[in-house]
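Order as written gives the chain letters A, B and C; numbering starts at 1 within each chain.
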Amino acid sequence: MERSSRPAAGLTNSDRSAPDGARSKARPPRYGGGLRTLSISTVIAMAVALGLVFFYAPLEEEQGFLQKIFYVHVPLAIVALCGFVLGGLLAIQHLRTRDPRWDMRSYVVIHMSLIFALGTLITGSIWAKGSWGHWWVWSEPELVSFLIIFLLYATYQPLRFAIEDPERQSRYASVFAITAGAFVPLNYLAVNETTAYLHPRVFGSTSNLPASMAFTLLVSLVAIALLFATLCKYELTAKHARAQVRALRRRIAGDAYDAPARGRSAAPAGLPPDMGGAPVGGAPLQPVAGIGAHAAGRSA
Amino acid sequence: MSSVEQAHTGAPAAGEPANAPGTASAARQTGLWRTVGALLRKELLVELRTLESVPGMSLFALSTFVVFHFALNRGSVEGDLAAGVLWVTLLFAAMLGVNRLFVADADQGGFDAFLLAPVDRSAMFIAKALTLLAYLVVLELVAVPAFGLLLLGAPFGPALPGLIVSLALADVGIAAVGTLVAALAVQTRARDLLGPLLALPLLVPIVIGGSRASAPALVQAHQAAPAARWLLTLGLYDLVFGLIAYAVFDFLLED
Amino acid sequence: MAALEVEGLTRRYGERDALSDVWLTLEQGQTLVVFGPNGAGKTTLLRVLATLLRPHEGRVRVLGSELPEQSWAVRGRVGVLAHEPLLYRELTARENLRFHARLHGVSEERVELLLAAVALDARADEPLRTLSRGMVQRAAIARCVLHQPELLLLDEPYANLDPAAVELVAPLIGSAAEVGAASGGRSSGGTAGVSAAEASGADQRARPTRVVCSHDPGGGLAEADVVLGLRAGRPALLRAADQVDPAEIVELYR
């Protein structure tokens, strides 16, 4: 009985990802593509935004120069929130398709959003100190709900780290990401309901902002969003490169390859083997003795 | 042989071909509610035999009230402060129940046994959430009167129904989220730590809704019914998270 | 239709392959014995066939149903005996079996029948944690065959059992030598000395297909129709049992 050289359709990840017609010589998709363009656009956008913030946007009367931190704080907040929700959406894709690459994307996006959320809290705290004299105020619902969300997502990596089985780790992380992603808007609503306002909310009153401020804010938002995208892409590319190196090592060493103890890791393991240059559609790495007689199972 | 004949269902006789691929004739499924019933009976039996969860939660709540008395240095509390003490205590006691919810199943192969059976897998979530809900109700039956006795300045008056409604709504939310978090945490290495760490932020809206809703009921002078918006918050949370937890839970079971 | 058809099954664990490119076919009523050192993938294979793990690559058809899309059609027709008994220690044997009976839609009489067949009826009302390992193993075997599965997946079924217990349970898990003798004794009826043949009702009609993991070359070979040897997740040996030399099996463990 002939053993077919390709795995049955529907059950392998490589089927979905390999470019058409490339089964015989699988070209791993290029993950670094577009990175340079993205980085350059980010640098330009940030430069423009900084210029606008310092030289174009008017000085606000009440809060003075410190108010300019608002152009960093608000975009950071918006991008982080969108990032968390995006992480949840990517996780839904992962659970639907079982493709580990979605889990990788979800992980990177959430991980980056957590950093941006920390930035939000820090800049928010500085702003609070400057505006109201306290390092922390409970009266700003965005800040408060951010604290709660930060505390929630801070458990994401410990959760992953605490699960050894890589597939279970990805699956559980996705469940968490979906639940937490749904939690973000609900939490905001609840905190909003219960928080007394001290100041008119800046975000809500964008319509009251003078055009120059609104424009600067928009440019800052674009710059920070690009920064987020670039950093995520960097991290994804780096992880894929590392996974490819591991796959190549495995291929060279054949069966003698002993996976180095990666130790437990919170990050997803990476690409399925076929993605990283392991032979696709070729012979298995080691000829298996005695297999030709699996037909004997029938005749016995 | 008759009893065996009765018990015999589904396996083909010798010489009969087994089912063609794709047919469901031999795949009889045990109905959802029958499975939930079987699981609930098992839960009840295990809990009665071990008394692991409910007595611990209740005693913990009582001890916490005593601790609060000394920590706050007050003989009685009312209004917002009372609501805070009550809800924090209930929440932390609930964490104890959450921690223990899946331990027996995880350690003794209960998951595998369930996964091998021809059952609707949603039954596990429903059964466990109902179990946790039951634990919470029993906890509150003990803790709330105790609270009234030990720490509350005002007796529970006409606003008691309002308090009960907010407790009930909150319990549903805690049960849904608690079950999900319990299943997430139980198969990790730091299960007792991760459970509360995951659950507490997720349950903040419950704390908000619950304490704001019940604070008016806990004042000395004129007790008031809970404001509708807080009950609505609780209700909305229950709906959203009940559905989400139900939807994603099965992904925690399978491999 | 074959009971088991496995083509190119691969199951990964992170970047390692727990099972790699496994091919085998097993007809109904046959017994496959799987040998291999610890970590070779025997338990993984069993778990995939039990629908507890999904294949990452390849095709698996169990009792005609494709895994994992049609796993639901297979559950309830497969009986699994694992390393753990899959029973709650705080509950009694009777309570445990009744719980499983309810999950599988099996009657209580069958529970009683099996309790007698594994000679646990005397101690069926004591919590499992008070019973010896051998008794717990017998209870696990009762759980395994409770719903008269067409396919048995047994992971070292005779572990923890003394020879008397082995004789007791062998017909329940479809050991070839016993079935013929047992069917001769079933006409004697009555509840005294319930014969294992009565309890293993399905055996009367069709021998269950079995996949057995074993570390015992001698005993394992005797029961086998087909032998599969696994090493590091790969099939190193797959042959009809009568063509296999015990020495080759020992070689696997080298």
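Just so we're on the same page, a residue touches a chain if its C-beta (ideal position, glycine included) is under 8 Å from a C-beta of that chain, and two chains touch if they have at least 3 such contacts.
This structure is a prediction, so every number in the text was calculated from the model and none was measured.
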{"item": "Pair of chains joined by the greatest number of C-beta pairs in contact", "value": "B-C"}
{"item": "Closest chain to global C-alpha mean, per-chain Cα centroids", "value": "B"}
{"item": "Per Cα centroids, the chain farthest from chain B", "value": "C"}
{"item": "Chain A-chain C separation of Cα centroids, rounded to whole Å", "value": "44"}
{"item": "Between chain C and chain B, distance of the C-alpha-averaged centres to the nearest whole Å", "value": "36"}
{"item": "Between chain A and chain B, centroid-to-centroid distance (C-alpha), Å", "value": "32"}
{"item": "Chain B, residues touching no fewer than two other chains", "value": "255"}
{"item": "Of all residues in chain C, the ones touching two or more other chains", "value": "none"}
{"item": "For chain A, residues that touch 2 or more chains besides their own", "value": "167"}
{"item": "For the chain A and chain C complex, residues of the former touching the latter", "value": "3-4, 7-8, 11-13, 165-167, 243, 246-247, 250, 255, 259, 269-270, 272-273, 284, 286, 288-291, 293-300"}
{"item": "Interface residues, chain C side, partner chain A - complex", "value": "2, 7-8, 10, 12-16, 20-21, 23-27, 30, 32, 55-59, 225-226, 232, 234-243"}
{"item": "List of chain C residues in touch with chain B within their complex", "value": "1, 3, 28, 47, 50-54, 61, 63-66, 70, 72-78, 80, 82, 84-91, 95, 99-100, 102-107, 109-110, 113, 127, 143, 147-150, 186, 189, 198-199, 201-202, 205-206"}
{"item": "In the complex, chain B residues that touch chain C", "value": "1, 3-24, 26-30, 34-35, 37-38, 41-42, 45-46, 49-50, 104, 108-110, 112-119, 254-255"}
{"item": "Touching residues on chain A, where the partner in the complex is chain B", "value": "95, 148-149, 151-152, 155, 158-159, 162-164, 167-168, 171-172, 174-176, 178-180, 182-183, 186-187, 189-191, 193-194"}
